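In the two complexes that follow, chain A is the common piece, with chain B as its partner first and chain C second.
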Partner chain A sequence: MNNEELLAAILDCVEYGKVNKESPYPLAMKGRDGADELTRDALAKGVPPADILNEALIKAMDRVGQKFSEKKIFVPQMLVSAKAKNSALAHLKPYFSSGEVKRKGRFIIGTVSGDLHDIGKNLVSMIVEGAGWEVIDLGVDVSSRKFGESLIKYPDAVVGLSALLTTTMVNMKTITRELKNINPFVKVIIGGAPVSDAFRADAGADGYARDPQGAVVFLNSLTKQK
Partner chain B sequence: MNTITSDIRQGRILVSDGAWGTFLHEKGLLPGECPELWNLNKPEEVFAIAKSYIDAGADMIETNSFGGNSFKLAFFGLAAKVYDINKAAAQISRDAAGPDIHVLGSIGPTGKMIIMGDVTNEELYDSFSKQAVALYEGGADALVIETMSDIEEAKAAIKACRENTKAEVICTMTFEKTGEKSFHTMMGITPAAMVSEAIAAGADIIGANCGNGIRNMIGIVEEIRSVDAKIPILIHANAGAPVYKDGKTVFPETPDEMAEYVNLLINAGANIIGGCCGTTPGHISKIAGIVRRNK
Partner chain C sequence: MAVKRESIVKALGVPHNEADDYLIQLIDEMIARCMEICNPQAAVSVFDKPVFNKDAGEMVIDGTIFSLNKMVTSALAKSTSVAFFTGTCGEETGQYSKKLLKEGHTLEGLIADLIGSEIAEGVADYIHKKVESDIALEGMKATNRYSPGYCNWPVNDQQKLFRLIGENNCGIRLTESSLMLPIKSVSGVIGLGRNVIKRGYACAWCDAEHCLYRDKKNDRDPMAV
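Up next, the complex of A and B:
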């Protein structure tokens, strides 16, 4: 395979969730190399790591996020794609550390205090990471203090707040206010089943996304403004 | 007391209860507080909820045990209390119900995903078994596995209930409208796909709960009926999708608005109708009024 073919093959593996040669899923790709082997081969052949990130991984996860948003695929398909993406990203880690490949920015995410639901938050993390961002996942039941400490550590980060319950989404309001106190320029995006754009306006947050792809669109719009 | 399924076989339409979670919050449950701990600490408040639905005309009430599995209770440091909390949940509802009203032991999802490697089928089965046994021993005559999105987790729960208790087993999943006439759970399961799998695992009654309001439930019931004419169907609908208004989140459908759809739901083939998030004794009272008028 030449470089273009390798990139196209990695893209396919991530889009359809082929992690490595052993992985049984998807059936149509059984026995073939997965994102893991192909990424290793591509780097060995001198394909620039930035091309693997931009031309294969980000493009594939963009398609995945798009299909999820259109309800053409569901959580399981998204999870296997994310797993395939992670197996490729593992090979790129040294290039991130050395600075040879740059991410678009940092994204701090967590489920707000009082709320233990992490599925939606995890899906957003996967898609945002797949879009080329470094994700700092603070977990569930995250207090404004914990969000604040993370923002102080990563002052240039965008912050994402997740909640599933109508009773906990109100905490997004206080957390947003605290974060804006720490850094008036911080951008905060919120999401979760009960959340709406009307609530976002009231909470003083900058963005609302109804699905993971919406979060990526918002984040990427910030990099364009810079 | 007849079983729920035998009543349905005789052609009866039954009324279930309404929301518990949103009701508990109205009674002062704080975000981040363990709702199921109220069974031990504030049983009189839990009893009052059960009683209010019986007074509204429900033929069956649930228990305050939706998050009573070992995984969720562990987060609150209550893993050792799984038995006590669930048994108390069933006892409180049974005290309110007396001998003639059914008590449905509520079993919600663990929040762990098999596909992520968070948990195995066996671990889920063990967790659900412990919860099911405690609910059954506390006096539940049926168990309702609800808000499921993953069919594997639902099946583990159904088998745990079927193999470890003599209770009737109900399984409802949460579907979202994904197209003109299509519905899927978050994990991509359709109502039609649920039917054969849930019945094969041992469910006596199947259906849907939560979601975005009672209107969508009609299409979901139609889809279930298109593949199975007989299986009893239970619907617990939200009072619409939550909307944020004037600093508060509200479930917008009033008892009268929900009641408009009850006959359509029965005509589509539903056998048991009740409410989920945002529904109140007022909603259940309206639903009961319509169901009884049809007799």
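Up next, the complex of A and C:
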């Protein structure tokens, strides 16, 4: 395969969720190399890592996100695609560290203080990373102080707050206020089952995402504004 | 107690006819695995002579005032006793879910998490049916079950419920924010009496905007983060 064909093949693998040769899914691609092997091969053949990220991985996840928004695919397919993307991304990590490959931006995310739910946050982290962002995941039960310290360390980051309880979602107000005290220009996005856009306005946050794709749309809209 | 494949498919947000063979097989395998490792427990504490103040939306048990809100108070008001219950799936499925997520098996981890939720709900169903069948022998009936955090019953009342039931709590502990640990746990109250009625959940008339389970018949969004 030439470079273009390799990139197209990697894109297909991520779009359809073909992680590696062993993966039984999808049936139509059984026995073929997956995103893992093809990315390794592409790098060995000198395909620029930035091309792999931008022309294959991000494009594939854009398509996945679009199909999900249009209800052409559902959560399981999205997650398998993300897994395929991660298998490719693992090969690119050294190039991020060296600065050869650039991310779209930084995204700090955490579940707010008093709350230990993390599965939704973890799904957002994964999907946002697949969309080309560097994710700094602070974990669960994250205080406003810890969010603040992270923002001071990464002043250009967008911050995402997750909560799953009515008792803890109220902490989003305090955290948002304190983040904006540190940096009035910081963008804050919130999410969580009890959260709504109306609550976003009340909390003083800039965005609300009902699902991980909503978070990606919000983040990408910020890069377009620059 | 069994977890139905269809409930997991639905919880994943997949329409009934869109679940492919791969997903069905994966869910079946995960259900079997989680049922092997889970450690479900249930406990019930019955308290007699609850006092209800419908106007204030309150129930008083042994001097403890529960701020149920008017709708729940009205649903329980004819009870001559109440059964506080706790139930849990245990820590094991949650730990298994986390392990899978850490290893990059995100879909499997999410499925395990959803199965844990279904097991916990199954424990609540079991408790409810057991209470109903036990009291039927005495000519008594049971109301629907209500839990702090739902139907506009403030989740902070979880603290009062757990203080009242003492050690009879399946080993569930509460955080300061009233989160139950293990996370896949349930708690609530069932009204008991000869003249009670088992009402459906009146979501259409409830102003609890932030209730996670507004109209239980509606599909839950699994990706609501």
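Operating definition for what follows: the second predicted complex is superposed on the first by the 218 of 226 C-alpha atoms of A that agree within 3 Å, B and C clash if a C-alpha of one lies under 4 Å from a C-alpha of the other, contacts with A are read in each partner's own complex, and residues count from 1 in each chain.
By our rule, a residue touches a chain if its C-beta (ideal position, glycine included) is under 8 Å from a C-beta of that chain, and two chains touch if they have at least 3 such contacts.
Just so you know, these numbers come straight off a predicted model, no measurement behind them.
After alignment on the shared chain A, the placement of chain B and chain C results in a clash.
Shared-chain residue A:G192: touches chain C; no touch with chain B. In the superposition on chain A, A:D202 makes contact with chain B only, not with chain C.
When the two complexes are overlaid on their common chain A, residue A:L6 makes contact with neither chain B nor chain C. Considering which of chain B and chain C touches more of chain A, the answer is C. By the document's definition of touching, of the two partners only chain C reaches A:Y25; chain B does not. When the shared chain is aligned, chain C comes close enough to touch A:K121, but chain B does not.
In the superposition on chain A, A:L138 contacts neither chain B nor chain C. When both complexes are overlaid on chain A, the residue A:T166 reaches chain B and chain C alike.
Clashing C-alpha atoms between chain B and chain C appear in just one of the listed stretches 6-14, 24-32 or 222-230, and that stretch is 24-32. On chain A, the surface touched by chain B in one complex and the surface touched by chain C in the other have residues 74-76, 79-80, 114-117, 119, 165-169, 193-196, 198-199 in common.
Of all residues in chain C, only 12-15, 18, 21-23, 97, 101, 104-107, 109-110, 113, 149, 154-156, 175-179, 181, 183, 209-212, 221-225 touch chain A in the complex they form.
Partner chain B is touched in their complex by these residues of chain A: 71, 73-77, 79-80, 113-119, 141, 165-171, 193-196, 198-199, 202.
The residues of chain A lying in touch with chain C in their complex are 24-27, 74-76, 79-80, 82-83, 86-87, 114-117, 119-124, 126, 162, 164-169, 191-196, 198-199, 209-212, 215. Residues 22, 25, 30-33, 72, 75, 111, 113, 115-116, 149, 176, 178-179, 184-188, 242-245, 247, 249 of chain B touch chain A in their complex.
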